[in-house]
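Here come two complexes built around subunit A, the first alongside subunit B, the second alongside subunit C.
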Partner chain A sequence: MARLNPSIRLSPSLRLKPSIRPWRGVILAFAALYFVVPLAASVVFTVDVPGQGLTADAYTEILGTEGFLSSLRLSLELAAVTIAVVLLLMVPAMVALRLSAPGLRPVVEVICSLPLVVPPIAFVAGIGTVLQWGPEYLSTTPLFQTFVALQNPTFPVVLVLAYVVMALPFVYRALDAGLRSIDVRTLVEAARSCGASWPQALVRAVLPNLRGALLNAAFLTLALVLGEFTVAQLLGFQPFAVWIVTVSGSQAQLSVAVSVLSLLVTWALLLALAAFGDRRAPSRTASQG
Partner chain B sequence: MTLTTAEKVSMANAAKVEFRGLRREFGATVALDGLDLTVQPGELLALLGPSGCGKTTALRLLAGFEHPDAGEVLVDGKDVTGVPAHRRDAGMVFQSYSLFPHLSALDNVAFGLRMRKVRNAERQARAAELLDLVGLADKGGSYPHQLSGGQQQRVALARALALRPRVLLLDEPLSALDAKVRLNLREEIRRLQQELGITTLFVTHDQEEALSMADRVAVMHAGRLEQCAAPAELYGRPATAFVAEFVGTMSRIPGQLDGKAVKVLGQLLPIDGTAPSSPEVDVLVRPEAVRVRADSAGQARVVATAFLGAAIRVTVRLADGTEVKADLPTHQAAALGAGAAVTVTLPERPVLVAERAG
Partner chain C sequence: MTATATSADVVPAASPKRRRRTTGWLAVVPLLVFVAIAFGVPALAMLNGAFTVKDPATGATSYTTANLTASLQGAYRTALIGSVKLSAVSAAIGALFGLLIAQAVVTSRFHALRAAVLTASGVLANFGGVPLAFAFVATLGNAGVLTRHFGLADKGWNLYSFWGLTLVYLYFLIPLMVLTITPALDGLRAQWREAAQNNGATAVQYWRHVALPVLAPSLLGGLVLLFGSAFAAYATAAAMVGSAVPLVTLQISDAISGNVLVGQQNVALALSLDMVLVAGLVMAVYLPLQRRSARWLA
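Up next is the complex of A and B:
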C-alpha cells in the first residue's frame, strides 16, 4: 500500500541513521515471518495433497465449482456500485462542508466514524429487523415492492446501502486527507472566475487534484466489500466471502485455494488501481521560490 | 512581449465599475459599512488599507464570491449583484498561488477558454499568445510546481486575461513574493494594464505598492472609504488623519489653534483644510518637511538615527516629550548623534491639523 499515497515521501533528514540499520533487518524478518508463514502454509496445504504429492488440482477445480463465478461477480458488482454511491455522496458533501460550513466538520467526522464503533453484528441485526417489520407494516402500500427490490438476490441493493455506511469512516478519512492538501476554496474561485459553473469547477479543478484521495477511498471500499462476511451472511446473500466459507465446510483444500487466489486477485486489483493512479499524476515535490 | 501581441489580446471596451452603499457583515464583524466608490474605465485603482478594513471583501463582491447584505455593484451602469461569479466577466489573480496543480502553464491559461468551449487549436494559440505577453512563452509545458512564485503569478495573470474580461481584479497578488520579484512584477502588471487599457482593481496593504502603481488610490478603514485620490494628492493633502498616518510616515506635534493659523514650535503657520473645533490640535508633518538643526541651546534631543541611504531618519524628542521623525540629507545629519541638542522648525507652508489624539 506504500504506493497508494505518492504525496508522502520521506525527506532526507528522516532517513534512518546507520546505527539503526541492523534493527531494520530484524524487524523486517519478524514481519515477514508473521505474514509469510501463514500464507506459505496455506499454499502448501493446497498443493501438497497427502498420498498424491504436489498437485494444482485445488486451483483448477475452482473455476468449475458451482457458485464461484456468480459470487465473485456479485462481489465485484457490489464493490463497483458501493464505490460509485459512496463517492457521489461524500465528495460533494465534503467539498461543500469545507467551503460553506467548516464549523460542522467535527459533527460530520463523528457521524462518519460511527460505523467503526457499531459492530457489524449489531448493525445487521438492526437492518434485519427493519427488513422484517417493513414488509408486514407496508404490505398494502407500493413501498412493499421497494422492500422486495431491496432484497433482490441477483443484486441485493440492501447490501450496497449497508456497505456505503460501513465504508463511510474510511472514505471520510481518505477524502479529508486529500482535501487538506489542496486549497479548495482558491481552486474553486479561480475556476469560477475563469467562467466555470459550480459543477464544472468541481469536476475540472477540484477532482483532478483529489485523484490520490479518490483512489485511496476506492481501494479501501473495494477491500472492505470483497472481504465483508457478517452482514451478507446474516442477510442470507452469497457474495464471494460467504461462498468461500460455505465451500470450506465440504472442500477444505478448495476453500483455502480460493482464499489464496482471492488474496492475489485483491492485490492485483489494488496494484492495477495504483498503477492507474500514478500514470500522468505529476509528482508533488514542490520547489517554490 | 511586443505591443502587437498586446494589441491582439487587448480589451474591446473598458468597463466602469461602481459600488453603491455596499454593506456586508460576517457575524458580528462589519466588513463593509456603506462603501461608495466609482472606478473609471481603463483606470488602475488601488484599494489600500490595513487588514480587516474590507478591501478584499469589496473585491470579492465584485468578483461574485460574496453577496452584499445591502447596496449594489454596477458594471457599466448594470447591476450585477445577482449575476453568478462565472458570468461576471472579471478576471482575478489571487493572493495565494492559485494555479491548477494538475495542469501545465499553457492549460492553466487555456482553462477559461475550455470552459467557453473554444476550439482546441484556437485556445492553444491564444494561451500561447498570453504566456508570451507575460514573458513566459517558453514555460507553457511546465507544471505549477516547476515554476517560481513570480512565474506562477504571471501565469495566473495570463489566465485572468484569457477571457478578455471587462475588469481585472488583483487580490494582493504580490504579497507572497520576495522583494525583488515583487518590484519587477509590479512594473509589469502596470505596463500590461496600461497597454490593454483594462479597468483594474488592485487590493493591497502595501502603501508603496499602491502609490507607485495606481492611477488613484482608495484608502479604506473599518469598512468605509476614507479618501480616494491620485497618489500625489493622497500623500500631499490627506483628507483625514487616518489617511495621513496610514500613507507615508507622519509625526504629530501638539499645537494651538489661533484663528486660521496654528501655533506650533514657536511658529505661526496657516492651516491647510478645515480646522477642527477644539483649540488643542496636533499638527501633522511628513519627515521630509521637518528641519532639524544642531543647536547647543536647543530644547530637543536626538533619540535615534537610522540610515536610509540617501537620507538619515532622525528621531527627535521635543521638550514636551513628543517624538518627531525627520529625514535629513546624510551629510547634514552626520553631526547628530543620539543625545545631541537640536532645534526643530517647520517650513513656512500651510500645515495639516487634526484633533489631538488621546
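Up next is the complex of A and C:
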C-alpha cells in the first residue's frame, strides 16, 4: 500500500504539468490585452478624429503648441539638477556607510524610506505651509529673499528640494544594489595604497564600478521628475505633467498624443536601462560565486 | 578583516582608523542636513499646523484638536471612507491578478518572457500618473475609442466612477504585485511540491497546506503595499475624475487651494496627518511581513 501509493500518484503528477499550460496562456493573454489595449486605443484616439477622418495633426501640432517647449524644458532642467543633487548627496554617504560608518546604516535606510510614509500630497501640504511663513513672519528679515528665490517661477528651487526627497527611496535601492555587488573596501584600499587621495579613489576606482547603479538611479529620478504632477500643481508651477492637464481642456487629442509619447519615451528609456542591467547581471553573479 | 587592513598600513593603526571614521560621518552629514531641511521642516510644519487654529479676528494661534475632529467629519469623512474603500477593493483585485500573472511567469520555461514581464512591471508600477489617466480617458472615457465603438455608454459604463477608477488603478497595482510576489514564488522549492505529491497530496492540497502558508506573509505584505500605493495616488485621480469620486487626496488639494472654503488649510494639514498615519500603519505592517517572508528566500 505504502509502496503503491507513490507510483499511482506519480503518473497524474507527470500529466499535471502540461495541463497547467492553457491556464497560464489565458492569464498572460488576458494581462497582455489589459496592458496593451489602453495604449493602442489612445493612438487610435489621436489619429482617428470624429468628423476629420485619419489625421496626424495631433502629433505635428505638438511642437508648435504654446507652453510645450517651455514646460518640457523646465521639467528637464529640474530633472538634471535633481539628479545631480541626489547623487552628490547619496553616493558619498552610501560609500562611506560601506567603508567606515556601518552603525549609521539603519539610520540612513530609515531616512531614505520616510518619503514612502508621507504621501506626496501630504508632503506638499507641509511645504505649502512652510512657504507661507515667508510673507507671514519673515517679510522683514533677509530670509524672505531666500523664500522668494525658492519660488522663482522660471526655476523653482523648492521643487528640486521636494523631488530630491521623493527620489531618495529609489536612489537608495539602486545604489544599495550596486554597492552590494562590488567589494568597495578592497577597491578603495587598493587605490589608496597606490597613492590615490580619497576623492581620487572614489572617482577613479569606485564610481566606474558603479556605472550601472548610477545610471539606474539617474533614470529612475528622471522618470520621476518628468511625470511628477502632485507637488508642482499644488505649488502652482507648470512643468510638463501639469501642462498636459492644462492643455487637455481645450485640445483633447493633443494631450493624449503627448501622454502616449511621454509614456513610450519613459518606458523605452527604462526598458533600455533594464536590458543594460540584465547584460551585466551574469558577470555580477559570477564574481559573487 | 580590519586586523589585516590595519597591519598592512605603514602608519600607526589608530590614526587612519579615526580619520576614516570622521570622513565617514562627514560624508553622511550633508544628506542628513538636507533631509532635515527639505523633509523635516515641512513634516513638522504639517504636524504643527494640524494641531493649531488661527483666530481670524486677532491673528492669535492656539493649539487644538478641532482640525483633526473636523477632518473626520462630514465630507472629509466620506472622502476618507471612499479612499479606503477604493484602495481596499483595487488592492484585493490587484493582488489576485498580480499573483496569477507572477505564478504564470515564474513557472514558465521561457526566460525572455520572465525578464520582459518583470522589466515591464518595474516600469508600469512606478510611472503612470497623468499620462496613464489620459490613456484611459481616450480608451474608455465618454468619447473614448472603446466607448464609442461598442456603445458602452448606453450599457451604463462610466469611467469617472468607483469601478472606472479601480480599473485605472489596477494598471499600476497589478505590476506592483508582480514585482512584490515574484521573489516569494521563486522561493517555493520544487522539492516541496514533489514531497507533497509523494505523500499523496493533490494540487489543491499542496496549495492549501504548503504553498499558501509559506506565501502568506508575502501575499499580505503585497496587499498592504498595494493598499498604500492606491491610497496615496493623486495625479491619476485628479487628472481624470476631478471630484466625481470622493477621495481624501482630492479633498486635501481642494482644501489647500481654497476651492471649497477659505481657511481650510489647517484641516488639509489634519487630513494629511490622517494619511501619514494610515501610510505609517501600512509600513508598520509591511516591513515585519517582508522580513518574515525573506526567511524563506535565503
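In this text, the second predicted complex is superposed on the first by the 235 of 289 C-alpha atoms of A that agree within 3 Å, B and C clash if a C-alpha of one lies under 4 Å from a C-alpha of the other, contacts with A are read in each partner's own complex, and residues count from 1 in each chain.
The rule is simple: a contact is a pair of C-beta atoms (placed from the backbone, for glycine too) under 8 Å apart; a residue touches a chain by one contact, two chains touch by 3 or more.
Computed from a predicted structure; not experimentally measured.
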{"item": "Contact breadth on subunit A, by residue count: subunit C or subunit B", "value": "C"}
{"item": "Touching partner for A:110 - first (subunit B), second (subunit C), both, neither", "value": "neither"}
{"item": "Which superposed partner A:203 touches (first subunit B, second subunit C, both, neither)", "value": "neither"}
{"item": "Contacts of A:143 with subunit B and subunit C, given as first, second, both or neither", "value": "neither"}
{"item": "First, second, both or neither for A:189, with subunit B first and subunit C second", "value": "both"}
{"item": "Which of subunit B and subunit C A:33 touches, first, second, both or neither", "value": "neither"}
{"item": "Touching partner for A:49 - first (subunit B), second (subunit C), both, neither", "value": "neither"}
{"item": "Partner chain in contact with A:24 - subunit B first, subunit C second, else both or neither", "value": "second"}
{"item": "Residues on subunit A lying within both footprints (that of subunit B and that of subunit C)", "value": "189, 193"}
{"item": "Interface residues, subunit A side, partner subunit C - complex", "value": "5-6, 9-10, 13, 16, 20, 23-24, 27-28, 31, 34-35, 37-39, 41-42, 44-46, 48, 50, 88-90, 92-93, 95-97, 99-101, 104, 108, 111, 113-130, 133, 161-162, 164-165, 168, 170, 185, 189, 193, 198, 220, 223-224, 227-230, 233-234, 241, 244-245, 248, 252, 255-256, 258-260, 262-263, 266-267, 270-271, 274-275, 278"}
{"item": "Parts of subunit B lying in touch with subunit A, wherever the complex brings them together", "value": "63-65, 84-88, 90-92, 94, 96-103, 111-112, 114-116, 143, 145-146, 148-149, 152, 156, 159-160, 162-163, 169"}
{"item": "For the subunit C and subunit A complex, residues of the former touching the latter", "value": "1, 5, 8, 20-21, 23-28, 30-32, 34-35, 37-39, 41-46, 49, 97, 100-101, 104-105, 107-108, 113, 115, 119-120, 122-124, 126-132, 134-140, 143-146, 148, 170-171, 174, 197-198, 200, 203, 228, 231-232, 234-235, 238-239, 249, 252-253, 256-257, 265, 268-269, 271-273, 275-276, 279-280, 283"}
{"item": "Subunit A to subunit B touching residues, read off their complex", "value": "182-183, 186-187, 189-197, 200-201, 204-205, 208-209, 211, 281-289"}
